[in-house]
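Structure, as structure tokens:
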Amino acid sequence: MANIETFPNPKRERPYLITHINAEFTSVCPKTGLPDFATVTVKYVPDELCLELKSLKYYFLEFRSKGIFYEDVTNVILDDLVEACKPLEMEVITEWGVRGGISSIIQAGYVKSENS
Amino acid sequence: MANIETFPNPKRERPYLITHINAEFTSVCPKTGLPDFATVTVKYVPDELCLELKSLKYYFLEFRSKGIFYEDVTNVILDDLVEACKPLEMEVITEWGVRGGISSIIQAGYVKSENS
Amino acid sequence: MANIETFPNPKRERPYLITHINAEFTSVCPKTGLPDFATVTVKYVPDELCLELKSLKYYFLEFRSKGIFYEDVTNVILDDLVEACKPLEMEVITEWGVRGGISSIIQAGYVKSENS
Amino acid sequence: MANIETFPNPKRERPYLITHINAEFTSVCPKTGLPDFATVTVKYVPDELCLELKSLKYYFLEFRSKGIFYEDVTNVILDDLVEACKPLEMEVITEWGVRGGISSIIQAGYVKSENS
Amino acid sequence: MANIETFPNPKRERPYLITHINAEFTSVCPKTGLPDFATVTVKYVPDELCLELKSLKYYFLEFRSKGIFYEDVTNVILDDLVEACKPLEMEVITEWGVRGGISSIIQAGYVKSENS
Amino acid sequence: MANIETFPNPKRERPYLITHINAEFTSVCPKTGLPDFATVTVKYVPDELCLELKSLKYYFLEFRSKGIFYEDVTNVILDDLVEACKPLEMEVITEWGVRGGISSIIQAGYVKSENS
Amino acid sequence: MANIETFPNPKRERPYLITHINAEFTSVCPKTGLPDFATVTVKYVPDELCLELKSLKYYFLEFRSKGIFYEDVTNVILDDLVEACKPLEMEVITEWGVRGGISSIIQAGYVKSENS
Amino acid sequence: MANIETFPNPKRERPYLITHINAEFTSVCPKTGLPDFATVTVKYVPDELCLELKSLKYYFLEFRSKGIFYEDVTNVILDDLVEACKPLEMEVITEWGVRGGISSIIQAGYVKSENS
Amino acid sequence: MANIETFPNPKRERPYLITHINAEFTSVCPKTGLPDFATVTVKYVPDELCLELKSLKYYFLEFRSKGIFYEDVTNVILDDLVEACKPLEMEVITEWGVRGGISSIIQAGYVKSENS
Amino acid sequence: MANIETFPNPKRERPYLITHINAEFTSVCPKTGLPDFATVTVKYVPDELCLELKSLKYYFLEFRSKGIFYEDVTNVILDDLVEACKPLEMEVITEWGVRGGISSIIQAGYVKSENS
């Protein structure tokens, strides 16, 4: 997996919200082998670390030839980014193009537990 | 009724929200025999099972020649999909085209009871 | 007054929300005699009865030559529709075209009391 | 018919374009007796006379209880307004609300002939 | 085929443009048997006859279970409507929902020849 | 100050919400003497009295040549209208055009105290 | 009248198009004494002179308390600005807020004659 | 290269316009190796052959890992599709996402020469 | 740093919300030296002091040649404006243009503590 | 001045249209010293050379601290880009943010003369 770089949160004493929106995400359907297209939104409250934007871009690019379901992509991104920057809270939203007349949205969230 | 297929939830330990939007739903008005057109939105938090997208498409197609009222369609879809995937929560929203100068929206929801 | 027809709620055991939007409502200003134009939205949670769409259309048509103020129209519609279908909850919203550079919106609601 | 008032064109030596848009037009369907709703647009190049806005409003109000087809309304308005202000050119466009799933637009134009 | 009714053009001496837009058109893909959804726009300059709106609605409904390609639907509608009302000019535009990530638009036109 | 007229609330037994939106408000900047332009929104729950629309229009016109800051206008309108109709609740929102690359919005509210 | 300042066209050898849009124009209706609101658009191809933006703003401000009809405003602005900068071509468009349910647009143009 | 399939034009005697829009096109920048994203629009007037939609989808998929400049993609698609279906006219438009703060659009066209 | 001027809150006894939106903010990326562009929104409930709009504009201009990260800009603006006007509450939102296919939003807030 | 790089037109035998849109252009007003913001659109038909996108970005950045009027910017960009790539045709459009309530658009074009 691509190395997701981080940098020290410049204002750790104040909880605040960061949102990154990637309208050019693409992965591959594991059933048909055809590409899927999505807008991926990452929202998080940083703790000690912030996600570095350029390495985030390269991280998203790794899904370009990966066969993976919508539900799985969303949870994998959430797990990877939580592990990378250990935020106080994070939400990942993926909005997928029309397939068979149906468009889909998946939303998953994480909140740091008090004693972790 | 069409077989609504499911697949195992890839991340059961985390509650997350899945939304499917079908902008090409059509059924038949039982009074006039004329077709009705709607956008159907299904939002749910999966428990053990996720709805398979292709079988969901075929399930919606079965309403194409069925005579059924707006309020009924909405509750029938909710009942069928709850039975198929037994989610933690589900909401179904149907938005109908203009009839007699009036457009309509029906929203119905389900929450799994603790002791079910 | 027009007869507002109803039909039995097909899913009484589940509270759900029905919305009807009429973008072609018109009544008459009692001061100037000139027509007023509005979009009327009716949202309700049915109890035993649902509003029948065609009779609802004819009900709205009766205001076409009635001289009545914005605030009054909104409350009269709410009272009439509550009486017709005795819902668990209902909200009526009227959005009026520009008069003297000012557009107006009136919103009124009803909730069934426990012991009614 | 309502008296469509006019006033002298303040700049006769220069041809220029005037557009009036009425989003609150309503007439009656001669077949069903039900109201029709339209946005009416009048575009014209004045010659000696301009249409007075208030009398134009009252002229449009006269269609409120008139039973008349879309195609006819459009041509009648064009004929009446041409007669009232004798413009160099005029176009009337009527855009009608959805009926039976179909919305309609009618456009008719007039150009003054050289030797009239 | 449904009978497409017509009525006499109320203003034959003036060429003018009529547009009907049906946002609820559906036919069936002859290859997959799955439904296709389109917005169909008909624009024409009437000669002696105008298209009657209600019969036009029923004409469109006949495609609901017909297996037919996009290009063919468009030309068939144009041919049928030209035959029904013999207009001076007509254009038919069909705009189709997304299939395989691709949406499509087909436009075909007719102009009455001088010596026909 | 203009006389803000009122009329008796037609439905005092039910709290409901009235919104008036004036997109053509203008006052004068006290520093530069140049005009400011705003959309003013008034939302209130009437008690015994409703604001009469025409006198409200004339009330707003009085600001046309008044030198007054954004924050002040908003609170003055709120105070004047509360005094005029003594509502259960009221909110005034002013949205101002771009000045020095910056657009501004001011929102102020009032709730009737129990023992007033 | 305000002095409309100009500055030398920096590129006289090439005809090019300049557009200024003022969304905050207001004048007074000569019949009712009430304010009218418009968006004014000025498009021109400069010859030797360009309109200076700040003096243009002050020129527009002079209409703030002037009683004048829509058609007249448009032609007066065109005449004044043509006189001020003597362009190769100019067009003035005024778009007015809703009055009596009707919104209006006036467009007037000027082209320098060869032998002027 | 993928086989671009065609089928016989169902209405050869009438020239008409077909438009296909692919909002999910992606290729690779030959300089940076990073993916580019575009909406590709193909408009053509068929002669003897129409482009088959499914094979068109697969043809577009082949660019997914191809390193190629915007200008080149557009002309290659035009050349390939002209060769495949030999249309009377064709236009290809590619609209590219933001790179370095700049978005780009490339448009190229073809018209069959009389004696080809 | 620019002097952020303030003026006395004209209505201290009532908490109300002020929003300023600057769509023309630009700073410099400290990594690449290239400019970043953002819309900056400041929302606050004033206590004794309001922010003066012109000095706020000049304060924002100081970032034009400053190398600073998104997260830092947002927190620095919040700290500076809180220090300048000591509000009851304040929120700063920065929305940044697309970089590497990703757009970003940063939101930070402040609430006056009871005993400060 | 920055070096505007070019690359050989990959399809010289066919005239086609290239459009680049920069929504993040900023220069400085020579009168006030304050920044101006614009969207700059460059449209051209290449001859032997195409504009390289990255060097175009750096070219636009040079205006960031340059004091220059709207009309001049537009013509200077046109002159520089024509000189760099010697196109068959080119158009430059600059759309500027609101100043004194007025927004502005400047459009200038170039066509290669036959004997140049």
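Every chain is named by a letter (A, B, C, D, E, F, G, H, I and J) in the order it is written, and numbering of its residues begins at 1.
Throughout what follows, a contact is a pair of C-beta atoms (placed from the backbone, for glycine too) under 8 Å apart; a residue touches a chain by one contact, two chains touch by 3 or more.
These numbers were taken from a predicted model, which means no experiment stands behind them.
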Chains shared as neighbours by chain A and chain F? I
Taking a step as a move to a touching chain, how many steps at least join chain E to chain F? 3
Would you indicate which option in B-C, G-J or F-G repeats the interface seen between I-J, with over half of the contact pairs matching by residue number? F-G
Distance from the mean Cα position of chain E to that of chain C, given in whole angstrom: 37
Any idea how many Å lie between the Cα centroids of chain B and chain F? 45
Averaged over CA atoms, how far is the centre of chain D from the centre of chain I? Could you give it in whole Å? 52
Report the inter-centroid distance (CA atoms only) between chain H and chain I in whole Å. 46
Touching at least 2 other chains, the residues of chain H are 23-24, 37, 97, 101
Interchain pairs in contact, sorted by label: A-B, A-E, A-H, A-I, B-C, B-D, B-E, C-D, C-F, C-G, D-E, D-G, E-H, F-G, F-I, F-J, G-J, H-I, H-J, I-J
Residues on chain D engaged by chain G in the complex (per definition of touch): 7, 9-11, 14, 16-24, 46, 50, 53-54, 56-57
Partner chain E, residues of chain B touching it in the complex: 23-24, 26, 34-35, 37, 61, 64, 97
Which bits of chain E are touching chain A when the two form their complex? 37, 97-98, 101
Applying the document's contact rule, which stretches of chain I touch chain A when the two form their complex? 69-72, 74-75, 99-110
